[in-house]
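Okay, got some structures for you below.
Both complexes below contain chain A, partnered by chain B and then by chain C.
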Partner chain A sequence: MPMVLLECDKDIPERQKHIYLKAPDEDTRDFLPIANAATIPGTLSERGCAFCGAKLVIGGVLKDTIQMIHGPLGCAYDTWHTKRYPTDNGHFNMKYVWSTDMKESHVVFGGEKRLEKSMHEAFDEMPDIKRMIVYTTCPTALIGDDIKAVAKQVMKDRPDVDVFTVECPGFSGVSQSKGHHVLNIGWINEKVDTLQKEITSDYTINFIGDFNIQGDSQLLQTYWDKLGIQVIAHFTGNGTYDDLRCMHQAQLNVVNCARSSGYIANELKKRYGIPRLDIDSWGFNYMAEGIRKICAFFGIEERGEALIAEEEAKWKPKLDWYKERLQGTKMAIWTGGPRLWHWTKSVEDDLGVQVVAMSSKFGHEEDFEKVIARGREGTYYIDDGNELEFFEIIELVKPDVIFTGPRVGELIKKLHIPYVNGHAYHNGPYMGFEGFVNLARDMYNAVYNPLRHLAAVDIRDKSQTTPIITRGAA
Partner chain B sequence: MSNCGCTTEQKPAEVSVSGRDRDGIINPMYDCQPAGAQYAGIGIKDCIPLVHGGQGCTMFVRLLFAQHFKENFDVASTSLHEDSAVFGGAGRVEEGVLVLARRYPELRVIPIITTCSTEVIGDDIEGTIRIIKKALKAEFPEREIYLAPVHTPSFKGSHVTGYDECVKSVFQTIATKKTKPTGKLNVFPGWVNPGDVVLLKDYFKAMGVDATIFMDTENFDSPMLPSKAIETQGNTTVEDIADSANAIGSLALARYEGASTAKYLNESFEVPDYLVNTPYGIKNTDDMLRKISEVTGKEIPESLVRERGIALDALADLAHMFFANKKVAIFGHPDLVLGLAQFCMEIELEPCLLLIGDDQGRKYKKDPRIEELKNTAHFDMEIIHNADLWELEKRINAGLKLDLIMGHSKGRYVAIEANIPMVRVGFPTFDRAGLYRKPTIGYKGAMELAETIANTLFAHMEYTRNKEWILNTW
Partner chain C sequence: MSQSHLDALYDYVQERCLWQFFSRSWDREENIEGVLNQVVRLWSGEEPLRGTPQERLFYADALPIVSDIKGRFDWASTIPAEEVKFLIEGLKSRLTETVITRSTNRELNHHLY
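On to the complex of A and B.
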């Protein structure tokens, strides 16, 4: 009975195909949760839309690019102040959003003129910025505005600007995932190999699928610098538009987030013969393994070993301090998709933490293959989990901490379960050696948070006393 | 002739009203209509709004509410996909309602909220509701679930009009007949915080007035309990709404947020409606209390005279010593901005730039509060409707000198970059702790807001070493 029909799903029995409880000695390929399938309406799913997969997750990370959203103002408002991806140029990407503020008359008569004018206005108001991505949204896609033609016209009128267009309205696909795909493929088709940059090292990579959450890319950049590796392009953490046009120049594609960005790595391999190397950037063992693989590719193994030794000497004692105290902690991960398989084994190996339930919003079946292979027995693997399922799963597995988003974090707080922001982090970065110590610290501070124990006390109950909660000094 | 040496011949103050002159938006002030409709919906007990559109239209709005209130709210989506864009999405509304009804047995109200995509597709919501009602009747003969059609295309209005629209639609659906008089007063406070709702309840209690607040959002600030009960939901019940038709009158405190429902109750059931200025500041609160007294025949009690006196006493310590001649920019919801501008003038602040609006400029121009500001301002004032936050930023870049910015958190970087003290007020205020709990209306709200302004200015004096020594003795 490996696929599980939860009590709350008795009226939507098709949900059984999406929830797997791993049992011993099973060929898990026989029991893969169905994933990347349409959500049942009214289930209170966690999913977002394809537009946000393109704009908020990938395009909007770039530090030098206007993100022109062709549609009503809401799509711009909603994909602003919802991410923590700083840049080294003062966070231009987090400060601004742009919308064509589409109105009813444009639904009737078309919005291309409005888009063209808005693009010129944006370039006029911000004269230092010369790059732009234009996105369609649900209504502009439905009325069939030709945004590519408008972009072409604007580039003709302004020879010093470059514009990329992304056509993935919110209703396309079943989740954010569709937007990742559209942006990946569009970029390689239209923009890669349109610019050359200066090569300054014998070793060059693209670092793909890392979005500089709380400085992840910038922390890893210190490793590449020490190894003497030139990163041609970051796709897209702390990245620039023009660097991404040069992706064809790299010798190796190093992929962290395979779900959001594996597509472009595959295409770079197909079209330019650049090999793809997947690594996990979260966790000590994984990070060391990733560095070893990259260095082996370039034949600079001794540099890699030196870096790993240096980092481990610096951070391992701190990690071990947390490991001692987190041993046996039960953790749930309810995030987008890939972090399930990035984290489940690294928290187990590096911190002694047991991951007891995982839910993915937009992972595909290949993500579940990976996570089930890496994950524990007796753990629930859920595709597109919804709110009532979360309550039921919490009762079943009783996690000590959940890595998830802030809204769900507020919900489980009432159940006296602490959350750590699994998307934007509490106090990151979380990647790399130092980053994983940060993750361990945040998990420790959550699990040893005195308030959750105080919350359980009923002051009317004379048999109870309010405990003094003690913890070690980190 | 003045004997203070100042000139008696002054250039008359100029108050200008104009709209944004760009097509596009850079940094929107408001979200779109469906977001406002969702906010109205969550104010109702045993209600889960169902948003008919892409999943992002729901997911981001839930996140926005969670950011502001640090709470989770339940909102469902029909998860619109491509096939619905081609063949229509009515079937997904039907499925969504039935799934909600089956899995949430306590559910009594489902506002069905359209979005830009489903309005463009042209799904017949009213017709679909008739079909669903039959299905619900057959499956749940004992239950009555109210389905309110809420038409909120995102290419019209903003979250302000969407809020107004949803409140009205829910009342039109539930308040359908006049029965026995209740002697109660309906109160429509608009889009306010739980702290404001608590304050209003205190005032009504002090006056001995039996009032029902629509929507009663007091529990949007909800506790962590030993029982782990989750109490985060609106307190407004189906019975409260049904009985609104039997009230002695309706008091609307926000012209653009709920007043149209007060009008509906008058037109349909002869419940007299009274619109007062949103009670920011002393005079507006006076006028509100006098109106309540006039409508209900209840006296204004000694306790409110004292609260008013305490507020005046506190304001008098601040106004002419610290606030006088300080230039302020205010942005946010129209009722908030105009009310705060009136309050600023009571405490000698000079609100020189007011940013309101969406495409409802025609309505705003007729607002008597703007007429009043025109007649009373002794300094130049610019009122911009259809504004975005770039209107503020570009004026500052062009040399506008401001001593203070008041508005919601989406404008935080304008203040940060220009190093201008900013007081968070309105919605959302996610970058400051606990503001949803603090009243900003009424005497107490005026006092606490003024004190926040003062403390913000004081901290800024200290950080910038700008005559911070004045406070050595105060």
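On to the complex of A and C.
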């Protein structure tokens, strides 16, 4: 089956290169959607900006770092609190937001003085916090404010603080993916190997590309603790600025989100010889395989088997309860990129769910190679999907549930199709054994939720009957 | 070499293994060679190489592959060592063609990460 031109795209035929319907005996040599390319004029993209990729996805997760956003207020507000990544120190990163609040006069006369003043104010207001990331935004990049020079001056004035700068304005890339890249490469160039931490175990890893969404990192940390593995740095879930400066000390890089964070893992391998192990942290089968691989690397296989046995004994019966009731459910995944390939087989193998359509906002062609290799035949694979395409795809595949973000989620609710928050989760964590039971529970509650059927009934119309919902018995 | 055995191995690796899809062609080439050489050793009952961190990682990646292959395919436990090597060489060529030589991924050969 060649690439697909949807009916809604007839006036923007370039979109055909971005949508693939997998057919038998085809693979990525034959058809691979174009990805990480500029959004085509005429399509209403769901993408975020490059600044957002750096701040909202990676930097803003850190639990001990002021995120100074040098730009208008909206750049700060719109990248604050829209992802739920708690921390074990009272959620410092989610309580506060910082901005230089650039106005027209600052754009005309320059904003460096305002930035310097804002940085001092922030450090003065929060005397216990000594670390900061400063981000440029579109206007401050366009007027040429030199944030590195300002950061250098502030560090000179305050010898006890350390500041990292991210020069990644929103317009600098085709999507948030550019921001991931800029932060990754900037950090390894400027901050890794600037600090040493105490090594407390013979087994050390960096856990890369996990952002503690609703406690993912904290749940996985219980596994590393049981295995006796020291995590040098979490990049960046529940992580600290200084731990990330010590990433060169780890023996192994374990990568979950290869899209947002594969760059730093590659560079750590190139510069420090630390091998890169990619794993999937969602799903029973995948999680067990990841633990086995990490333990095999360190020669502690028996610890891994004991942990897997303990976790499966605790959670497998619960997972199976949901599997029995979710068998055959048709699911669509419209998220950023990697969750397409992380989830498509894990929900199929562990829950009997069929993924019938997947759309990626910022995935690269590498992500489509992975997901097409793993995904089902008869499934749609879409790069940078837009709203009209979503509606048409829904008609074609009739999903029972869609894992996506709140914006698209609100749209599909109007069609009485349930959605689960695929970015920040409904009731996570979703990683690990316990997490995948949470995901199954949220999917079950969505699919069997009686309200969405009732919402379609106009109670003023006496001829309409109230639908009867069949819910799997406990 | 049985074509059906090769097809089965290829389908398994494509679906399960993330190491074949690393960012650049040289990473993919290194992983295909490194992991599958360890698969040959483990499958044939030879001692795997574990002298360097990278060899230990290839070993860790190879372990579940051999375990899965032997669990899924009856023929996997009965074929002689020579045929295992031949089969894996065929698998290397096929994976190389899919994820490197004929891949249309436009980032594969960029010199920077």
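Everything that follows uses one rule, which is that the second predicted complex is superposed on the first by the 454 of 474 C-alpha atoms of A that agree within 3 Å, B and C clash if a C-alpha of one lies under 4 Å from a C-alpha of the other, contacts with A are read in each partner's own complex, and residues count from 1 in each chain.
Simple rule for what comes next: a residue touches a chain if its C-beta (ideal position, glycine included) is under 8 Å from a C-beta of that chain, and two chains touch if they have at least 3 such contacts.
Remember, predicted model here, so these are calculated numbers, not experimental data.
**Student:** Following the overlay on chain A, give me a clash-or-fit verdict for chain B and chain C.
**Tutor:** fit
**Student:** Is A:Asp320 in contact with chain B, with chain C, with both, or with neither (first, second, both, neither)?
**Tutor:** In the superposed model, A:Asp320 contacts neither chain B nor chain C.
**Student:** Classify the contacts of A:Asp11 with the two partner chains as first (chain B alone), second (chain C alone), both, or neither.
**Tutor:** It touches chain B, and chain C stays clear.
**Student:** Could you tell me if A:Leu415 is touching chain B, chain C, both of them or neither one (first, second, both, neither)?
**Tutor:** first
**Student:** Using the touch criterion from the header, give the chain among chain B and chain C with more contacted residues in chain A.
**Tutor:** Looking at chain A, the partner in contact with more of its residues is B.
**Student:** Based on the superposed arrangement, let me know which partner A:Glu305 touches: chain B (first), chain C (second), both, or neither?
**Tutor:** neither
**Student:** Hey, in the superposed model, what angle do you get at chain A between chain B and chain C, Cα centres, nearest 10 degrees?
**Tutor:** Roughly 160 degrees separate the directions to chain B and chain C.
**Student:** For A:Lys270, using the defined touch cut-off, is the partner it touches chain B, chain C, both, or neither? Pick first, second, both or neither.
**Tutor:** second
**Student:** Working from the superposed arrangement, determine the closest approach of chain B to chain C, counting only CA atoms, in whole Å.
**Tutor:** The answer is 20 Å, the least C-alpha separation in the overlay.
**Student:** Please identify the positions on chain A that touch both chain B and chain C, taking each partner from its own complex.
**Tutor:** On chain A, the chain B and chain C contacts do not overlap at all.
**Student:** Which residues, counting only chain C, touch chain A once they are in their complex?
**Tutor:** Chain C reaches chain A through residues 14-15, 18-19, 21-24, 27, 53-54, 56-57, 59-61, 63-64, 97-99, 102-107, 113.
**Student:** Quick one: in the complex, what on chain A touches chain C?
**Tutor:** 27-29, 32, 36, 185, 251-252, 258, 262-263, 266-267, 270, 273-280, 289, 292-294, 296-297, 345, 364-366, 369-370, 373-374
**Student:** Which residues of chain B touch chain A in their complex?
**Tutor:** Residue positions touching the partner: 22-28, 30-35, 48, 50, 53-57, 59-67, 70-72, 74-82, 84-85, 92-93, 95-100, 102-103, 115-117, 120-121, 153-156, 158-159, 222, 224-230, 232, 358-359, 390, 394, 409-410, 413, 417, 430.
**Student:** Using the touch definition from the top, list the residues of chain A that touch chain B in their complex.
**Tutor:** Answer in residue numbers: 8, 11-12, 38-52, 68, 71-82, 94-104, 106-107, 114, 117-119, 121-122, 125, 137-139, 142-143, 169-175, 387-388, 405-408, 410-411, 413-416, 451, 455-458.
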